[in-house]
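Quick one: the structure is below, questions incoming.
Chain naming follows the written order as A, B, C and D, and within any one chain the residues start at number 1.
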């Protein structure tokens, strides 16, 4: 069991840097669903050479940024139930149609947070096993989106690896994650383990392996 | 095998009379799908004490009568591909939604023609077993509509009973017919056989039985 | 005689709702939630209800209030852990209300299936997770799917933006959400609507819920805005 | 860079269509049938096609013409016996074209299922008939249903009324029919559209096919009207 003293941890990329890396990897003209919380940052780092269309699972395609205070419409919200806007070329649909977009493989990328990701791409991000169970649309997104990106800290707040040999928490989906963007590295799920695509400039492969409970490969 | 000399046949109700009997049995506020051909007549006999809404399976709810020559729009057609109109309160939908109305049990009545109807309510009306097989929406309608009415001549053109112990032609649906309106009688499908609801004033029960290949009851 | 699905008051529109009924409640959070119909049900005192909705209510308004009045024995939803949820967590933590968790897309599709005469369908959502336990599996093209069954209801409580007397509906923005499919899946759909128009005033190309899926309407011109009501400390009754 | 799905000509929009492809063709009879796209395919000479459509073409125009050119090896449809059908019956009676008959509602639902990530579903349609032969049966609540599988395609050929550069579509009256669900079910949807508008000119409440389901557009301002073309004796090419 890996357990790091959190005071010894190397400081990795901040969340804005991670968001900009993800933004860079979303191609022009792609349809993207950004999970509530940290993934929402990604939309702020899209370069001008591309146009991305955001899907919100509550029946909104072409989601825009937060409204000004005086433009808030409580009938126009995102999946996190926060007021948003709609861009020209956007559209509304009902929930079955919205999840047809997801389940039917029409969403090119979804970006989600994680509690644990296994070396085979299993994702746990909906339940700690305690409290009121609440899944929302997470299971549909990971089962349906063409590419499932995870945006996460490499370690939990108490210094435990989130990248693990086998998830201990209830799964959101099995073998669903394509790529992980952590504060330490960008990693793909491969047959040989977590494959490093980009490593944080301040850490070594050996260090990355020491804070990861599962094989790191290059 | 019953085989009647067609010259000996008693002349029953004409098709307009049959249509008016069906029209009388459609309650106010019901949603109705009228099959192509003879059943289309029914809409002309609806009394003023009721409003009926017509569904056409090609995505039209609230279908109105044929247009005048100068109002024809080839993008506004019925299931028989003939130009029609739409009434105030009507709406358009796509094919999956239109058949959700049918399959989901939202159509109160459909009225269809028949080649054969069995004593257990099996219906054959889509294929003689010869030529190019073509089913259209008939199987969906009989499986989905709350009440399936058949409007038919009691006998085929060559004097064979259409109401039979067992259908010889390929089925459209098994046990689906609720009521038959023929030129000789109105009959319900019951566990005891074809139950006479109304008998043509010119014929006797004995005569009706003699031209029906299946038990007639009262 | 003309078709007219508009009811004169809350008593009339709720007259057939019975104890023990299964009721779908439209809305995603507060957007599209039929608060006045739910308050009508509190006034009526209908009990032992099973509620199918995406969420489990906020504050002590609308669905939150109905649950707080202990009129609900079970909630079937995707997300019962709202930031402003009060009454559901109270009862749930005491073991006094049942919860069935359904992934949001599976919930939507099960509802749509019920309205479309599809008793069951296969989905990859949930495969390999605790929510797949006890469900039939089937392989299509080498990939594993689970069988999900249609989810029906006795009633749907729905909020719409405009309607005509035939029950044709349009919605406002993301307040559409579950409302159209719940109209399809319930034996009887009861709709509170802000504006009632003449039938020829709704373009037939723009109808979202065709009247065939709607049984009764009530005009609620200025519905309660949940966020504001909760901020103002409103509780119902 | 802005998203722009509008192609400059028929050659460009059809560039990826390959021999042996499965193509969904929108329309119910002539309403909503993408005649110009089909004629483009005749010009291109693509062959060994499987066509999924409601009908099998009229006269020697559009789908009727494509079949007449022997570019189609199989048709999957609900009704291949049109009054004005010429080319399909000719080839069918000679055993030179395959036919798979699917009930119209099952056809629509199989297409919608493919677009919605549902590999299979149960329906009562067809139970006890020759079209249920060989299909898995299952009982739900004491009633028998058969399993129907999703119907996918490489391409959808679709006709719409208005579009914007994102591929958002609206249709005209009953020309809507199979077009929206075919856009969902095909890997690549190619749309011929009468009017191209600016993105802010289509009300987001009125979009029927959201752009996510559309890959390419071509502007055909004055499409051939099949009935008139047949009356005038038109044949293509």
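FYI, a residue touches a chain if its C-beta (ideal position, glycine included) is under 8 Å from a C-beta of that chain, and two chains touch if they have at least 3 such contacts.
The model shown is predicted, which means the values in this text are computed figures rather than measured ones.
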item: Pair of chains joined by more contacts [C-beta pairs], A-C or A-D; value: A-C
item: Mean-CA-position distance for subunit C and subunit B (Å); value: 36
item: Centroid spacing, where centroids are CA-atom means, of subunit B and subunit D in whole angstrom; value: 29
item: Touching two or more other chains - residue numbers and ranges from subunit C; value: 109, 112, 116-118, 123-124, 171, 173, 204-205, 208
item: For subunit B, residues contacting two or more additional chains; value: 86, 92-93, 96, 99, 102-103, 143-144
item: Chain-to-chain touches, reported pairwise for every pair that qualifies; value: A-C, A-D, B-C, B-D, C-D
item: Residue ranges of subunit B touching subunit C (in the complex, touch as defined); value: 28-29, 31, 48-51, 53, 55, 61-62, 86, 88-93, 96-97, 99-107, 143-144
item: Residue numbers on subunit A that touch subunit C, as the complex places them; value: 56-60, 73-77, 81, 86, 92-96, 98-99, 102-103, 122, 127, 131-140, 143-144, 170-175
item: Of subunit C, residues touching subunit D in the complex; value: 109, 113, 116-124, 138, 140-141, 143, 145, 149, 170-171, 173, 204-206, 208
item: Residues on subunit C engaged by subunit B in the complex (per definition of touch); value: 1-3, 112, 114-118, 164-166, 168, 184, 198-200, 202, 204-205, 207, 210-213
item: Complex contact set, residues of subunit C against subunit A; value: 28-32, 54, 78-82, 88-89, 92, 99, 101-109, 111-112, 123-131, 171-181, 208, 225-227
